[in-house]
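Both complexes below contain chain A, partnered by chain B and then by chain C.
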Partner chain A sequence: MILAPVEYCRPDTVDEAVEALNSSPDARALAGGQSLINVLKMRAAAVDLLVDISRLEELKGIVRHDDGTLEIGAGVTYAELAESDLLGGDPRAIAEVAADTVDPQVRHRGTIGGNVCHADPINNFPPLMVALGATMHVVGPDGAARDIPAEEFFTGFFTTAVEDGELLKSITVPALADGTAVGYVDLEIGEAAARAVAVVRTEDDQIAEAKLVIGCLPVPTRRPEVEAALVGTAVTEAAVAEATAAAADGVEPLSDADATAEYRKAVIPVVAKRAVLAAAKGGHRG
Partner chain B sequence: MTAPTRVETPRWTGQNYPRKEDRRLLTGQGRYVDDRGMIRQGYAHFVRSPYAHARIVSIDTSKLENMTGVYCTLVGEEVKEMTDPLFQIAPPPGGNMVEYLMAVDKVRYQGEPVAVVLAETRELARDAADLVEVKYEPLPPVTDAIAAQEPDAPILHDEVGTNVSWQGTYEYGDIDWALSEADHVVKIDKLHFHRFSSTPIECFGVVVNWDRGTDTIEVISNNQMPMFGAMMIAPSLRIGIDRFEFVSQDIGGGFGIKINLYKQTGVLALLSRKAGRPVKWVETRTEHHLDGGHGNERWFLDIEVPVMADGTILGVKARAIDDAGAYLHYEPLGAVIWSQVLPGCYKMRHFRIDYSQSLTNKCPTVPNRGYSRMQHLWMLERIVDVVAHELGFDPVEIRKRNYVQPEDYPYETPNGCVYDSGNLPLSLDKALELVDYPKWRERQKEAEGTTKRIGIGIGSTLDSGTNNFGQSRIINRELPFSGNGEAAICKLDLYGEVSVALGTTPQGQGHETTAAQVVADILGITPEEVTVIPGFDQARNSYVGFSGTYASQFAVTGINAVIGAANKLKAEMVELAALVLGASEEEIELAEGHARVIGDPERAIPFIGLANMVYTNNAELPTEVAERISLNCRHVYVPPFDPPDPDRKYGNLTLTYASQIHVAVVEVDTETGKVEVLDYAAVDDCGTRINPQIVEGQVHGAAAHGIAAALREEMRYDEDGQLLNANFLYYHAPSAADMPHIKTDWVESPSPFTGTGAKGMGEGGGAPLHAICSAIQDALGTDVPIVADSFNPPERVYRLLHGEGLGAGRGVEVVAKGGS
Partner chain C sequence: MDRSDTFDIEFTLNGEAVAATVPARRLLIHFLRDDLDLTGPKIGCDTGHCGACTVLYNGRTIKSCMMLAVQADGATIETVEALAADGEMTPVQQAFHEHHALQCGYCTSGMVMSATYLLEKNPSPSPEEIREGLRGNLCRCTGYVNIVEAVAAAAGKETSA
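Now for the complex of A and B:
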């Protein structure tokens, strides 16, 4: 294909991969390549070394810990997430979102680690990870390791808290409390144009606890005021609509060929409402 | 006129014979241009303008001069020295345009080539192209076809002196009388048909060698109308047509866009001559989006529609402003081609369409599935729908009232076109039945007041096929074109094999199958026993100037050429058999691979015996017969046309009119404006079908293209003339999963003009655009502005729901007259 010339290596261990990533400031980790290769084709990033981490066993695997916490290796593909028995129960939103990601070819190459580290505003997993309260485990040179809450992980348009020379190793996702479910709703215009993820616990047809994250923004954004307004709300369309009406206040969506920022602001409360209702009704899609 | 013989009891024609080409195409054994190459070839990469409008100050290729593996470069100034400007179809002022094969002095759209680099590998060519330093002086661009006609607009081509490349008035009947006599006049401010492309999955590709020894140019490419390309570039290259050998085998979709592959071919031929080696070039998707060619964008302004109290629509008055982009590629033929379907499916008799075409700083437009008629037909369907909604007529009844009726055929339109056959009311009934229309009207009522409104829309459209190229004289009376035609060669080979060579350059339409079906019936063999030579090769001599597959014509021009050639071969075989079997020609039949005496099967000679007599045993034959019979029969089919009258803009512009009636049921999410297709039906009438399954495949393809164009696809330029979605990440071509289930049915109204009863088909006239706009209108009702744009992504529908349309107010006004 028509990439600029680039070096390539395929280390055997995470330590070696980190070492390689530290050998050049313009080194980049290559996992499934579903985003990075496109970036390189457009020559939109200066990369001089590709460190292929796609075959690292240490990045594979989905484990359910005793406390119910789920640990997902950064190199797990969407297809593996979609098919995992461990995700059949809680939170199944991860498997469903993975299963809905584009087409089988992409699902068998693309990885959850690549998805969150690329941090394209339209990527599926960033707002979901924030909503689920995930923790990102990052390793660096000389055995350094950092745990970063998802909410602090996404720092800007296509940027994350992973620094040069570091590598995302795995993601842990806490178990959902009883009575809690996830709603994940997007408005697609070819690609997702607006997205909301809600994690809601209901008691007696009322919302007892709610988390709301808006996606398709430069950074997945929690809406604490809306979350507070939702608590105590009846699970009816009218009541939820009222509570989510402010979902777009202060956010700054992007304009592109598909939709203007103005329009996106207008429909964010709609997807927010639908995500909350979907979660409150125990489903995933609204 | 050639009158093809119809086989009385066809065994194969009309059957769903499995496509002969599918074995290779579906098992990855097709041979496309990128599968081809030549020894010693280099790879070309174009340097393209990042600006929509700029003066080229300088081009510096010095960094490439000593680069290992870089063979040569070519810039616009060199092209100018070596060639003449391209022939222009337009009369002045558009015809004054000086257009070379590559940009000289100025660039006029983003992506326009300014230089080309030849290197040892594709990658090196691409990297080396990055080192070509081009200095530009940006100029203000004009991207809006209406603004382009303003007096202070930047001029694209100084020698043209205006951005209006062509204009003319099409006036028939008496529209002023109709407007004064009508009970109502419906006025629509503005309609806009958007810019999109059918985006063939295979981009352009050329392998070309300008052979210094023979001074001939071999071109392996995926040009879908290669002899048009040859006619365009040969004079520019200062050579004869006989210097070319255009070749193709399999082509990954064309849809008209691949008619546009001629300037690149000419530049690459020059590059090959300069480098002294073959050149290979395969376009990337982004290059194709920027430079391959787009469908025509068109504005319709100040529309006035006279309507009688009973719903009879008398005609249309409107201004049309077409947007051709930066150059006239095949244009301004589109400025007359729409008039093939002047009244659409309707018996309207009074028209005044003031048509003009603007040059803008955008990619040149080219024929694209439904070319130029689709835009006009969409306007007519919007008009019928708006009239129905504004005046309270039932959208089904108003169409049936105004349709050309089954007993009216052959129906002469106000501009002299002859609609050959059809049954529009029956087609509409069938389409409504397929979706269970009463059920959806019930569901629509149930959905009232909710956020998920339902709308049902109708798209009535015509697919005019087999152009009379004489219509080009309505654009430019100096043009030496009229009629149409196609060639085919049918041959009995040395050991009795039957082969057919086409001129049609197929792009997936199944020509090998349908040609084999009709030949099998004529020669009494099976389609399996007929070899239709894949693709096109100029050296086979099976072509005329109009050869190619475009404008819905193969079933008429291609098939009738094949039938004519097979009939000629049959006549020779029968004559030989009569001679050798001692019978009269009337007594001979061809059956089961033999020529035999009817009723006396013992007196027979196999095809191999007939071939032997001519090819390898001719001393046995009378000299007169041996010199006359070749068993290698070429036939040119010529459809029955007279040149139109350019003064009156009047004449029969196309031979056949297939019709498509589509019905779409949509759900509009009023909170987001998103439109979902809930049900979809397409009823096609293309006369007698040679292979119904192939017809149905075309119906599906045209429906998918149209549905996607209506809801997903727009070539979106910003005000600086930058294309915002020049790849498949941002330009949302559909996959099968994005399509609704398409229900199909058919009506067969044989054409009286084609011998076989078949009509050209495949373009589909943009029926889904009409049907989906109509359905959205139906869902939104009359409280909001009219659906005035052919492209309706969620934001546009959302804005309509919130009162923002294209025109002032609701964009429509009804004037009641005469106390009605």
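Now for the complex of A and C:
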């Protein structure tokens, strides 16, 4: 497919990139391009300027701060996440999810920033970022900077809190508390039919604290009632199944080529249960 | 910072320096095939799923239908034409030949690029690792068994996968 005529620029700094993004209302940041190029092929978005941020060193860092917080540049590719020594430990879910993203070619180009900013309901990082309590660092014109909790970052179907003229610069992920692990489970029918991420702290074979996020929905969705029901639950399949039975209550999944909304509602409690059990047993995939 | 709909680019292609002028909207695959007559990389799905257009970009496999030609500026690109450049097949190509790892052949150049990259990273992959390494390449003749056997053979290992 041939793209519509478009202009292109390759800024040398994040400041220059933000300036270019503000030079036209239809400018778009081009990172790995693994989603955006298809959007352009389908002419599903009007874009008059592509701002190539794929070589910006400022977006490429992975840093472990002294307090254990991990800071990941928006331009870090899935392959770089998967291969990073800094992600070998806690929370290793990030590296493992990155290593399992689509295929080697996509992992060599696609970035974590593009994944969360594209905010396709089937993308794998949005629910993980919400579950891990990540913070998104967004920069704008004239040195403006905003920190947005992941839980407030995803605002709708393919929509995030990043405004026109802003750019996601990095993501920080807090260290997990002792005794805490991540469970990440998806049901791979087509791209993905259902996905759940659980972050669970156990004490004496009981769940002491739990966070549960359902993916493959228009926005990644926390389930506070289920989280509350899980506290004090024994780490057995029966007990966790009972506590997660309501995981799909009130959610409105999409129907698409991979699965109907009805089917998704039926399997959400299943992936939720598996994610919680995987987390409670030390993580991460069930 | 130049902003334009046309760019002069310079890059290394299959070991040789190339300079060209490309429209910003030109996909790398169209540039390679239509402008440079390198028809080894194929256009299969044109949506980044099938991997028939796989080439090496700075030593790593990428799908050339999912990148702009202007992004090749300053990079090193290798297509399947870089293999057997002296007329001698590489071990991966030889193994594909011997194990009948192609039927219609449309996916083959992409498969060979991914297999070559895989063996560079992991010289003795398990059958599972071979399948994972080829996850981004679809064969619509569904001849995967022979392809996996060929890659294992190229790695100096036989398999009953």
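A few points about this structure:
Here, the second predicted complex is superposed on the first by the 285 of 286 C-alpha atoms of A that agree within 3 Å, B and C clash if a C-alpha of one lies under 4 Å from a C-alpha of the other, contacts with A are read in each partner's own complex, and residues count from 1 in each chain.
As a working rule, a contact is a pair of C-beta atoms (placed from the backbone, for glycine too) under 8 Å apart; a residue touches a chain by one contact, two chains touch by 3 or more.
From a predicted model like this one, the values you see are computed outputs, not experimental measurements.
In the superposed pair of complexes, A:G190 makes contact with chain B only, with no contact to chain C. Residue contacts after overlaying the shared chain place A:T236 against neither chain B nor chain C.
Looking at the shared chain after the overlay, A:S255 reaches neither chain B nor chain C.
Of the two partner chains, chain C is the only one that A:S54 touches; chain B does not reach it.
By the document's definition of touching, of the two partners only chain C reaches A:A20; chain B does not.
Annotation for chain A, partner touching more residues between chain B and chain C: C.
After overlaying the two complexes on the shared chain, residue contacts for A:P104 are found with chain C alone; chain B is out of touch. Contacts of A:N38 after superposition on the shared chain: both chain B and chain C are touched. In the superposition on chain A, contact is made by A:A4 with both chain B and chain C.
Where the contact sets of chain A with chain B and with chain C meet, they give residues 2, 4-5, 38, 103.
Chain C meets chain A in the complex at residues 1-5, 7, 23-27, 30, 46-48, 51, 54, 57, 60-63, 65-68, 70-71, 73, 114, 117-118, 133, 135-137. Remark: chain A residues 1-12, 16, 20, 23, 30, 33-34, 37-38, 40-41, 49-50, 52, 54, 79, 102-106, 108-109 touch chain C in the complex. Interface residues of chain B facing chain A in the complex, by the touch rule stated above, are 122-123, 126-127, 284, 671-672, 674, 712, 714, 716, 724-725, 729-730, 732, 735, 793-795, 798-799. Residue ranges of chain A in contact with chain B, taken from their complex: 2, 4-5, 38, 103, 187, 189-191, 193, 256-260, 263, 266-267, 270-271.
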